[in-house]
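Quick one: this structure, given as structure tokens, is what I'll be asking you about.
Note that the chains are named A, B, C, D and E in the order they appear, and that numbering of residues resets to 1 at the start of each chain.
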């Protein structure tokens, strides 16, 4: 089972996320697409951890664990980010009653 | 073509498909739901890669907590109508094209990496006990540090979420004034 | 490590202080005391006195470089507190929380200055970023502030995604998150190159280097000026230290792969930053662009990873932060942020005007100021690394930068008009003067700072 | 030690005078400081060239291979003497002209003096650059603080122009630093290093551009007339009398011995630039109606000759240049004093609005005529010696094939110089008076003193230039030996 | 006596200082006493030197003027026969003219009077420096010094702007010549490393010089001479120089300064002897100048202008002699010319003085009875210049024509024609001025009076000199050993043997004399009682001096001015400065445009980031290798 498949899969997910960021105007959806990108990374990391585990399990039985822990940390951070991000969005909504990023153009030039 | 491979393909297809739906579906609520589906499939992948702990956490944290949060916010703002104003076609197209190009380049670059075969049965580091041991021996420092992250996030949520008690009129005017004089900065 | 812990702890203390202390003044004093304590432990640690030992399992390493930078960052923060902490009160009602967030940021700075593992890099950057999103949006009723905060948040999260992808790819190739990965320079796995580039882009975003700088002007402009001053100086410097550390530890072996890319990024940053700053009318926005152009200069340290670069980056961080904090502190006192707002400033505030001139000269890199020597270090390092064309381009751009810095001087000295300046305490003045003094002192004897790296 | 004081006295004096509030006190203080500096430099001139007092060195930025080291050799003694001499004259001459915030004005003036002396005495490249800017920045503030109505854009252009050039020079210096065996900015190690030929060429340009802008040589000169026109006359005196010498000095000390092959290779080009500059500037000067611009262009012409002579690489030429640097400084300051005086009295510098002053102000006429004659290098005035030697130097130059052509064309310059100078005298002094000049008064006491000093110097140095020549003699020998190491001069 | 030599130039210089600095305080009498006294003193010293007549030592070095490496220029004097002769002429004639000036300038108020004498003394000083200098540089100092003084004295009445313009013209044209001189000096310096006469003019050193060198050097020196001595093409300043006071014209523009060129060439005759090309150039230009100036003089009505052109043409004669190799003869003519031309100018001055400043001869006439002494002396001057035996002009001019005859027949013919024209226009001048009846206004008529003694005595002295002055150069054919002057000068200037039959020599003299007499008679018939000359095209051409000034203006002056204004307006402002400012404008414009990148849209920001990432990847993975 070549690891390339996983690389391509997660790259595809990642890019889908980017495209979402590029094409949507709803802030929340944009944010969700970013979450999608993070998940792509997680998937890739897990795949790699598996790969390295198999490669080095003889010398180090715990090989590859650090990647899974990294994924864990990513989730942690993502959760925190979501908390902050959503509160920012809510705050903005309170002031403008809109979540359209195209309305965010007071600051330019 | 073992069972795992078949599973892998099925899961991958669903993952990508639902991910696409997240991006394309008009209604925010639907895209949230599609995203949840994506997360489930990704957890499936985790299980295939026998990272059982992560699979579970993924479902609980993401699909459970985070997505519900999203859904909650969307409901709160009752955005569940299909009338999201559309970006202009060209910008969308440009975005899609740019993303596609990036994908192509990366794939073309990474296509010939060394082929490690990962047979998907053995290996038990994905189990809670092993990860836990790692986490609380080698990775205790980052674990503690991430608490700082949470603290700051919490403070942030408080700072941003807390309503200002002062009457809503007076500061509005003040701010508007400020805005004005910052606006009339010639650009 | 002690510094890290202490700043985190003091963040917590500030967080709860609002329940105990209800007067802004006392909160402020508490913050200053805590910060002084942090600086004290920091210096102690730099001199080798540690109060409690913690084994970081090789994830962090507090060498002289990182510690010295932390000293610089903390001292700059102190200057920032002394000058502008009173103005933070005007921003919003949760005064103590702002301090808490700033202390958390300092903790993040400590991490990103001393990481040895990509995991810590990630955490450090995040711990810096998340409070910043909040501080940016802290002026809740101000639409500009909200907008800035959201922009910063979305794009920051995006760049985090890039960084994580880069980390993942690097991990895939090497199987470790430690930054001390020694790669055979002859056959470089393409995964590493791709990951390295993604990391480069993410870091470039954090230090607002072109073409990933777009968030900077808007965010700096929209954020409350107090916090702009902080994030344009200490935070940005931290980003550079992280950048330098990452590439110096991890990718120094394959520098042939990325030298060209960094060179392009440097050139683009210098060009866009300086040229765009020329036409700005608002001093605040001009400073945002100038921070971009200064970033271009600091990136030269990453381009040429040698001892000059390291010393120079520390010096640069100090010089740039001190000058910028000083100018922002004065800017906060102004009613009108445009250049014309400064017309005839020298008449009403001769002393402050003179100090401003010193800061501006330092930013423009005129000799006898720290700004010159830091630029000089950078150029020296660059030429040593064989990038003479880049150096020439850089100095020409520095000459362009003189153009917009001196517009301010002209407005203050040679144009007439009356300026509205809010209350200026004598303590404020003395702090400014001492900052200017430090700027000149470092401009004459940079070894006072750089020698700490060695003994 | 004396060299250190030579630099410190004006520096500290300048900084101190920012804090003096009383106007006359400031003027007295500035005069005192400048006279003290003069005394120091005169004392320095009476010492043996080998005296330790003429050297000072202490460690500074050791990690960067740079040290704070000053030296007074023939060249720097000549120029320091000029600098130290010029300031008292300037202060005396402009005693009556009043400035707002005079403490800042005189403080900045003294700072420029410190910078100039530093530039002329520094034997460390980095230090040299420091002083280079230290001289430039106060000058910027002087010009745009107390200048004419278009001062802000004009002096800004001047500043950015020269600053750009100087940072490019900095790159060149740092590059040489990396070529030095012992990684040091010291002048000696710069001289010691042998630079390969292709490298020399663009190092030469990196350095030369800065000096060319400063001098200024022909295509780089456009900042000069505007700046002279707009800046306060006292600053103009410093600019044209002393600062332009920084360029020549830089070439002599930092370019020719360091990259001799490139200097040899580009000699013809630079010489033709200089010569074109002479004729071009003179022809334009004939057209000028504004007194300041006229003198500015004439100064460009003189500088062109000196620049050209530098690259003829003959002993005669070099000594001529050194002598002429001194003399040109004296003469042009004299001219500016007269301009200042005329402008203060009539509020105009237009030649077309003046006339007939000779009847009203015979003393002024006599003095200006002498200075003007020195400006066109009439024999028995000081600059005849310099120009004669420079012409002889170009003619006898062995490094260019076109020496005769160059000399001839440069000679056309002295004819044109006669044209515009005499026209200037005629338009100011001769003919009938008009209602503007009808009740003009003659020079007052302090201007008379300043001008008399200058005229005396002109005549004495014109009849007996030997002191200056002796001062420069050994230095030039050393210089030539430095230059000739790389190629043989065919004699 | 020798150790007093330095006093000769020094005394006039002291006079200059006293008169110049004390011009406010000193009274006119003191000024004139000082002014004349110093010159008289130098004259006496010169005379004593002359009569001592021992020239064992010729070099007198005082100090090093310039001493730098290979260049050693001592401040040295050289006193030999040649310089002594000139010393006598300068100080002697100079003294007379000083005396004359005391009366002539009486109307000036005192400090201008002092200024005048200061300038005059300064001139004498520079002229002495010129002739005494022991090397070319000292000579050059004097050379430019006299130029300066002539500038100052021409522009002496500076209220009149045209006078000052004339002064400028004189100075600039001299400068052109000086440049040639200077270049010649450099050339010598480059080749021989010295400029001292006693080192340059040695056979060994001259042998070092190639033909090109000598030709080049001599041509450049001659260029200098044309400037100073008003030869084609640089002669046009001299007529304008008549703007100065008349005694100045007499001293500077007739007797002394304008002969500096001749002195210089005579001084360096050893060089010129070896430069055949130069010699022919000199003689042709000399002859041409002589003829041209003479023709112009025919139709001038300003009394001083006539004299000026006659000076030019006489100088042409001298150059003709020089070109023909007869250096001593040229010097001889310098001497005689100094006498009679000074006499004529002073006479003219006396006339102008008498008719209260009128200079146009058409409004004079009939002054014979009113000004007897002036008339008589003026007549002598005219006879002398016309070359009527046995006056001085006859001998010198005849000697010149003789050498020209030997050298080149054609030039000889030109010389003879010029002689005829000279006689004609001089006597036209004489008859129109003194003959007939007065044509001026009445009040002018009233204060016509003979001038005071201070004016007439110099006239008489000079008249005597113009009569007897020629006897120092009586041709061999008359008296054996007659050519005293030539033998006197022989140590400096090797004498040349005439190899023409005595018969021819007599014949030539006869021809010139007869032609001159015929010309005088014609002039008498034509002008004995004056009526306006009808203006034929030819006469208009001559009146307008062949339009040479206009020509020069159109081919030199105006183009340079045009060029300057064009360069100033377009090349300077628009071109170079435009370029410099253009860069600034470009930066500004760039800033203005660049701001539009900052659209404020997150979408576009991210898009740009993604695109640039894409480009970076492409560069890294596909382009770099």
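Operating definition for what follows: a contact is a pair of C-beta atoms (placed from the backbone, for glycine too) under 8 Å apart; a residue touches a chain by one contact, two chains touch by 3 or more.
From a predicted model like this one, the values you see are computed outputs, not experimental measurements.
Peer 1: By that same contact rule, can you tell me which chains touch chain A and chain E alike?
Peer 2: Intersection of chain A and chain E contact lists gives B, C.
Peer 1: Check every other chain and keep only those touching both chain C and chain D; list them.
Peer 2: Common neighbours, chain C/chain D: E.
Peer 1: By CA centroids, point me to the most central chain in this structure.
Peer 2: Per-chain C-alpha centroids ranked by distance to the global centroid put D first.
Peer 1: What is the distance, in whole Å, between the centres of chain A and chain C, each centre taken as the mean of its C-alpha atoms?
Peer 2: 27
Peer 1: Taking each chain's centre as the mean position of its Cα atoms, how many Å separate chain B from chain D?
Peer 2: 69
Peer 1: Go ahead and note the Å separation of the Cα centroids belonging to chain C and chain E.
Peer 2: 78
Peer 1: Centroid from C-alpha atoms only, then distance chain D to chain E, rounded to Å. What do you get?
Peer 2: Taking the mean C-alpha position of each chain, the two centres sit 37 Å apart.
Peer 1: Spell out, as numbers or ranges, the residues of chain B touching 2 or more other chains.
Peer 2: In chain B, residues 87, 91, 94-95, 98-99, 102, 106, 109-110, 113, 138-139, 142, 146, 149, 152-153, 156, 160, 187 touch at least two other chains, as defined above.
Peer 1: Would you pick out the residues of chain A that each touch at least 2 other chains?
Peer 2: Counting only residues that touch two or more other chains, chain A contributes 3, 7, 17-18, 21-22, 25, 30-31, 51, 55, 63-64, 66, 69, 73, 77, 80-81, 84, 88-89, 91, 101-102, 104, 106-109.
Peer 1: Identify all positions of chain E at which a residue touches two or more other chains, and write them in rising order.
Peer 2: 584, 595, 598, 600, 602-603, 606-607, 610, 613, 617, 621
Peer 1: Taking the top-of-page definition of touch, could you list the pairs of chains it picks out?
Peer 2: The list of touching pairs comes to A-B, A-C, A-E, B-C, B-E, C-D, C-E, D-E.
Peer 1: With touch defined as at the start, can you tell me which chain C residues reach chain B in the complex?
Peer 2: 8, 11-12, 15, 54, 56-57, 59-60, 92-94, 97-98, 100-101, 104, 107-108, 111, 119-120, 123, 126-127, 130-131, 133-134, 137-138, 140-144, 169, 172-173, 189-191, 193-194, 281-282, 285, 335-338
Peer 1: Write out the stretch or stretches of chain D touching chain C in their complex.
Peer 2: Per the touch definition, chain D meets chain C at residues 60-64, 126, 129-130, 133-134, 137, 141, 144-145, 151-152, 156, 159-160, 163-164, 167-168, 170-171, 174-175, 177-178, 206.
Peer 1: Considering only the defined contacts, which chain E positions touch chain D in the complex?
Peer 2: 20, 63-71, 111, 137, 140-141, 144-145, 148, 151, 155, 158-161, 164-165, 167-168, 171-172, 175-176, 179, 182-183, 186-187, 189-190, 560-561, 563-565, 567-568, 572, 576-577, 580-581, 584
Peer 1: Write out the stretch or stretches of chain D touching chain E in their complex.
Peer 2: Residues 157, 160-161, 219, 221-223, 280, 283-284, 286-288, 315-316, 319, 356, 358-359, 362, 366, 373, 378-380, 385, 388-389, 391-392, 395-396, 407-408, 411-412, 414-416, 418-419, 422-423, 426, 429-432, 463-466, 469, 473, 476.
Peer 1: How about chain A: which of its residues touch chain B in the complex?
Peer 2: For this pair, the touching residues of chain A are 1-5, 7-9, 11-13, 15-20, 22-26, 28-29, 31-33, 35-36, 39, 42-43, 46-47, 49-51, 53-55, 57, 61-66, 68-69, 71-73, 75-84, 86-91, 93, 99-100, 102, 108-109.
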